[in-house]
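I have placed the structure first, in the form of structure tokens, so that the comments after it can refer back to it.
First chain written, first letter: the chains are A, B, C, D, E, F, G and H, and each begins at residue 1.
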Amino acid sequence: MNTLDLGFAKIDMEREKRQGFPEVIYCAGKTPEQSAEIFLKLSEHSPNVLATRVDEATKDALLAKVPDAKYYEKARIVALEREPQPKDKDRVITILTAGTSDIPVAEEAAVTASIMGNEVEVVYDVGVAGIHRLFEQMPVIKKANVLIVIAGMEGALASVVGGLVSKPVIAVPTSVGYGASFDGLAALLGMMNSCAAGVAVVNIDNGFGAGRLASIINHMR
Amino acid sequence: MNTLDLGFAKIDMEREKRQGFPEVIYCAGKTPEQSAEIFLKLSEHSPNVLATRVDEATKDALLAKVPDAKYYEKARIVALEREPQPKDKDRVITILTAGTSDIPVAEEAAVTASIMGNEVEVVYDVGVAGIHRLFEQMPVIKKANVLIVIAGMEGALASVVGGLVSKPVIAVPTSVGYGASFDGLAALLGMMNSCAAGVAVVNIDNGFGAGRLASIINHMR
Amino acid sequence: MNTLDLGFAKIDMEREKRQGFPEVIYCAGKTPEQSAEIFLKLSEHSPNVLATRVDEATKDALLAKVPDAKYYEKARIVALEREPQPKDKDRVITILTAGTSDIPVAEEAAVTASIMGNEVEVVYDVGVAGIHRLFEQMPVIKKANVLIVIAGMEGALASVVGGLVSKPVIAVPTSVGYGASFDGLAALLGMMNSCAAGVAVVNIDNGFGAGRLASIINHMR
Amino acid sequence: MNTLDLGFAKIDMEREKRQGFPEVIYCAGKTPEQSAEIFLKLSEHSPNVLATRVDEATKDALLAKVPDAKYYEKARIVALEREPQPKDKDRVITILTAGTSDIPVAEEAAVTASIMGNEVEVVYDVGVAGIHRLFEQMPVIKKANVLIVIAGMEGALASVVGGLVSKPVIAVPTSVGYGASFDGLAALLGMMNSCAAGVAVVNIDNGFGAGRLASIINHMR
Amino acid sequence: MNTLDLGFAKIDMEREKRQGFPEVIYCAGKTPEQSAEIFLKLSEHSPNVLATRVDEATKDALLAKVPDAKYYEKARIVALEREPQPKDKDRVITILTAGTSDIPVAEEAAVTASIMGNEVEVVYDVGVAGIHRLFEQMPVIKKANVLIVIAGMEGALASVVGGLVSKPVIAVPTSVGYGASFDGLAALLGMMNSCAAGVAVVNIDNGFGAGRLASIINHMR
Amino acid sequence: MNTLDLGFAKIDMEREKRQGFPEVIYCAGKTPEQSAEIFLKLSEHSPNVLATRVDEATKDALLAKVPDAKYYEKARIVALEREPQPKDKDRVITILTAGTSDIPVAEEAAVTASIMGNEVEVVYDVGVAGIHRLFEQMPVIKKANVLIVIAGMEGALASVVGGLVSKPVIAVPTSVGYGASFDGLAALLGMMNSCAAGVAVVNIDNGFGAGRLASIINHMR
Amino acid sequence: MNTLDLGFAKIDMEREKRQGFPEVIYCAGKTPEQSAEIFLKLSEHSPNVLATRVDEATKDALLAKVPDAKYYEKARIVALEREPQPKDKDRVITILTAGTSDIPVAEEAAVTASIMGNEVEVVYDVGVAGIHRLFEQMPVIKKANVLIVIAGMEGALASVVGGLVSKPVIAVPTSVGYGASFDGLAALLGMMNSCAAGVAVVNIDNGFGAGRLASIINHMR
Amino acid sequence: MNTLDLGFAKIDMEREKRQGFPEVIYCAGKTPEQSAEIFLKLSEHSPNVLATRVDEATKDALLAKVPDAKYYEKARIVALEREPQPKDKDRVITILTAGTSDIPVAEEAAVTASIMGNEVEVVYDVGVAGIHRLFEQMPVIKKANVLIVIAGMEGALASVVGGLVSKPVIAVPTSVGYGASFDGLAALLGMMNSCAAGVAVVNIDNGFGAGRLASIINHMR
């Protein structure tokens, strides 16, 4: 069986085989009941299940159905982790944010990568307005195997970090900012135009996507 | 009499003759009282009446005036169907959605097409991230006479389906997504640029328009 | 010495040490003389030098200064490769394009990745309008270590490929298209919103950036 | 054999079987040689072949390879029509343009639909600034089986026509206009927001797509 | 005295002399207290005062200070009219709306023009989807001295009316619509590109500006 | 006869009766032959004919067909004026430009208004960067019956003039500028948001439309 | 110690030395607890601390931790000012707003500049619709050493003021307006295109940034 | 005499008195003859005259009229400097560019500031992709009195420099880049959202405006 048909959803049951991790539930736009039903079904076939963009009501519905799942509040994630995946301590995914307000996106990336079996290190608030804060973190940055750079406003941190390392940089623009940030458009365009090579970009506020891609890269041998 | 003048609205009384179905009431932006008054007047001249974008208050006002109308909650439609139109079982309008969150738009299309006298089949959650789910539905897709493809985010499903069939495809971008989806703009542009011919696009979230056009095409002999 | 100052340019002489490959010359916006001077200086310190976005006049100026450099016409690249880097035949970077018109961007990516020491395989014209063409290439796709997906118009190929593989996908939107493609904006937004995880995006037509990032990832052990 | 691989292109050889007409060559962005080679190969398997967006050089290359093909200058189309498809005189596709400048797009639609086996009637220059010109054409409009409405500037013609007929209307925004037309964006948005149901939209200047979709609909029985 | 300085506002006391009507208070963004204070001061110097974009709280504050002012709910206007201006019954400003949802904007225009001494006639819901409704109003339209055309969605009504009359047409795009209407942008661009001459456009939802300009034109002798 | 059908164009022969001036030929996008044929036909029915956006080749074609027509180079207009319309010297249309580069648009407006029977006065280069230049023209401005304000860049002149006069102001944004002027978008948005009432806006660079509307208003009695 | 690491934030402790004022806390997007903790830590090292975009809950948290801080309601600022900086009465920063609704942004600028040791003068509501109000303030404007011009809608005030003075003008677009102001975009573009030299622009509603830059310039000797 | 009226231009003859330097001629959009005539007239009243955006033909026309003027090719400036203004060697305006392609904009700023009496230092090609190149210039940067930062692509250099200095930073986005740089929009938005305070932005490619504003600030005492 490749697909489990719930009517309102068709669960891709071979995604784990095809892509190394079961289908992840993006809860925004689904009713709490829909999310919970999918979560339950996935939990019957996979030991590890992940749900993102979980609001209060959805969290309650998920935990009611699968009580041993865990809620990560800042990351807005509910995860079931019955068979934690082994982590290679020497291959660290390092997550850098430009500011404090970027933390929720960073947490989404961190929890995602961690549950997918990666050692994760987070460094918050090293934006370029006080660039020495970034350079103080060079030992951490240098030892990273994959980097995720998360920034709103003008998103300049991605370019700076991209020029400092020889490892892949996944840039996540955030909707942090106001006025001409246009809900993350400024950061997105900035990161797309990064003058540093080795940088690629995911959607605004898409911590999950960054964590997932970082995990894929980090597992390459 | 071609027009019934209510002051705040001029009901087009010859639309049924001209276009095969009476004027449909788009309730957003109208007061519940205005919508209900129009609905009542239409019901005095036509056995079948349709109102879309019906919120709670409007639904109550409509049903108070015309108690035998029916409320379709997911579709946000109130419909009066005193003389159900005959349906040709062999000419199916097939509605495909990329995700679960696209269901309200799909329901608007499905109820619209159904009331206008079409056999409708819906298939939810066959987005391209797990494309085998789509191919599992090929028997359904192949037997469609007209297809409606509903997708948010990048809207890629329209192009893929457009390349698989020899029947017309009506693509409906939805506002499902976040960040660089810009409330459906990404899906809209994607669908406009579909590399598959045979695809045309209606407004973001415009399930009604898709259902209406599909019905027109489906009745061609 | 970290920087070689030519007045009009400051060559980053430690980039090879820092990032594994010398500074690459982006020739657009530079005079042929400026590009040639930088190319010559780099060639005095590094055996391998790369110049991108090379037009006719710049090509002539580069080859006049460094006759053993080679011009890749389709890729608009001039490269000096005095010490070709070893390639691991088992780690293939696979480049897929949606159409024939995307070939120049693909060539830029292919030449870049090849010179940086990667086995590269290219598959042209497998866009989703005839999706069986893509599935016929599944053996090639499955054996890829890193994938670059290049598409204009709606860019749907990135989402489809992203859902089929467990390896990283670098998506390159191209300016191929017309009308509502808005010079690549439609493809860019589409790829940013990919419903498949594991996809990240570089700038429109940025074959070089994709090749560079793919090379970085492909060398991870 | 499903695909004919020319290296730079993969010709979809089963498109005719799958979609009723062989793959159509979009020549923009291809070299004249590439277009001509594809045209030749297709002509060896199909009696009827269509190439769009044909410039001077490409036209010469195509006719040199396949001398019995025919060049439609205004439509920028080269077509081979060795087995003209039968046309049902009673099912007319009617093409309306708002202005004289929209004619090239209309011709692309007309030639496309004609070669695909449809009776086509064109009516130029009936934009809404002199709406009596449109009403004078009501007999033509009323007898249409499918309508294509082509307009630049504000694109209002689509809404007006959409409200007059009970047949499907395919709207084609054009890049005709200046200033705030933003190369067709104004017309595109206008047509997407048409207050008349039964209208769907294809890409700016996409006469081919409109002709193709109209043909598909027109052949429905 | 040309200006009355309230600190938070500088009232332009010579506007009546310069432009024929005292400064009008745009209440959005002002506190109720600020609006009320300005209203009171103006009322001490002018018999007629107008305040627009009046919300509940502001209305209460205004009427508390100036009890003989009158609240026009649909128009969101509070007006003091101690010396009603004479109206020329033979010079009618005619206001047409495309739909019922455009009525609040139309009311703002109507009340503005009326208080400024103009005979005003309103015709609601004559959008182009049922264009006979518009033609039924030709007697009203023909006798207009100045026309205000108010429409959301694609805004096509302005072009159609502009082509029918020999009098000036002031077009007001509204934010009525959804999806690709982008809060009135589609209507605005449509109206800017009107293929009919004699049409000029004011800001989205700017009923006041249209009423004011219509009044200026209507008083020309 | 209401319409003269040339095939590629349908000339609206009753426009003069309906709107006071014959159809005006917008030559951009038409071939010189098409423009000339329309011009000739119109000249057979009307003593006065106007063609705008006339390039070199079109000018030659027009004058070859109708030698007594006159070419206004700066205005890019060819006009036939066999029966010059009388002008009321006391009702002046005053055209103000912000800069020297706006002159071609101003000339288009001036020639249009003049041929339609209006006294026109032009004042160039009174932009707000040296606002005393504007105030030096107050006598001219004060005596205007209708004003046309033409400005690129930020378009501020429209707001300033709108606040000084009691007559209607037609604002024309121009594509003069660079960078963030985005081909006139900045001026258009600025003028749409004018804080002065009594201002309405036509399309970017639309000198003709402004001249036409000014003429309509100027003839009101 | 250059940086004080709170985990969720890295306080830049040398910013005062480097830039003359300690790090300023932008509270939007931070939890009240985070803002309060940073404020407290900064207050332990600097006598003067500034927090902007302070909402009700954050204000309470800040004052609970540092009771001698002061809340500026209109400016949405909490400031600690234990060692007020000396002010040079002869060097005035003059802040002009176009309207009353721009006051909160002006207050943010004024409080910022004042706390950083500048004499500040504010003039509200001198927008160009009644330009004599501006000219009445010429004595104030002439004596300014640095000017901040704050305007929404079309933002024309910046160009006018920029043309009147020989001192630097910092322009702040605001989100005041509606419709085509697009949340400040119109004002931003207008100000970027100012035809007056000597004007530079900060982000929409960025009163703080304007105050900070004005202070830097005002302290130059 | 405040204004010298040439018909096509009104020269602001009191600008020098009002703003410290005579009116500067922006030649783009003017004919060579217009520019030359203005230049000549200005040279009769002022010893120093500046013309920007000078193309080949305009340069020839200017030098023919005023042979002792000087052409600065890279800056596209023609300047007359009969009474060179004194420069304070201790107050340096420092101009930094991110890349080599930004040099023309930098030269426009440098020549402007120099002629207006400022010591200018330029540092090219210190973009953030190799940030050590920037830090190597810290001695130059630290001694600057005013900084102009010029960058295309993502424009990140402005934020980094803004965080390093205590002097005003004028940021100039350039149209250098491709794809999602959208002709400088990405850099403009990035710079508007700079997380460093003390930065303000001028129009894309506006080297003149930056040089002018820097000069004004640099002359403050």
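The rule we apply is simple: contacts are C-beta pairs under 8 Å (C-beta built on N, C-alpha and C of every residue); 3 or more make two chains touch, one makes a residue touch a chain.
What you see is a predicted model, and the numbers here were worked out from it, not measured in a lab.
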item	value
Separation of subunit G from subunit E in steps, with touching chains one step apart	1
Copy pair subunit C, subunit D: interface residue numbering same or different (half cut)	different
Repeat of interface A-C, chosen from E-G, E-F or C-D - more than half of residue-number contact pairs shared	E-F
More contacts between chains, B-E or G-H	G-H
Inter-chain centre distance, subunit A versus subunit E - centres from mean C-alpha coordinates, in Å	50
Mean-CA-position distance for subunit H and subunit F (Å)	35
Centre-to-centre distance between subunit G and subunit C (centres being mean Cα positions), rounded to whole Å	44
Residue numbers of subunit A (touch at least two other chains)	99, 129-130, 163-164, 179-181, 185, 188, 192-193, 197, 203-204
Touching pairs among all chains present in the structure	A-B, A-C, A-G, A-H, B-C, B-D, B-E, C-D, C-H, D-E, D-F, E-F, E-G, F-G, F-H, G-H
Residues of subunit C defined as touching subunit B within the complex	98-99, 127-131, 153-156, 159-160, 162-164, 177, 179-182, 185-187, 189-197
Residues on subunit F engaged by subunit H in the complex (per definition of touch)	99-101, 103, 124-126, 129-130, 132-133, 136, 176, 178-181
Subunit C residues touching subunit A - in the complex, by the definition given at the top	18-20, 24, 145, 163-168, 170, 188, 192-193, 197-204, 208-210, 212-213, 216-217, 220-221
List of subunit E residues in touch with subunit G within their complex	2-3, 7-10, 12, 14-15, 23, 28-30, 34, 173, 175, 183-185, 188, 203-206
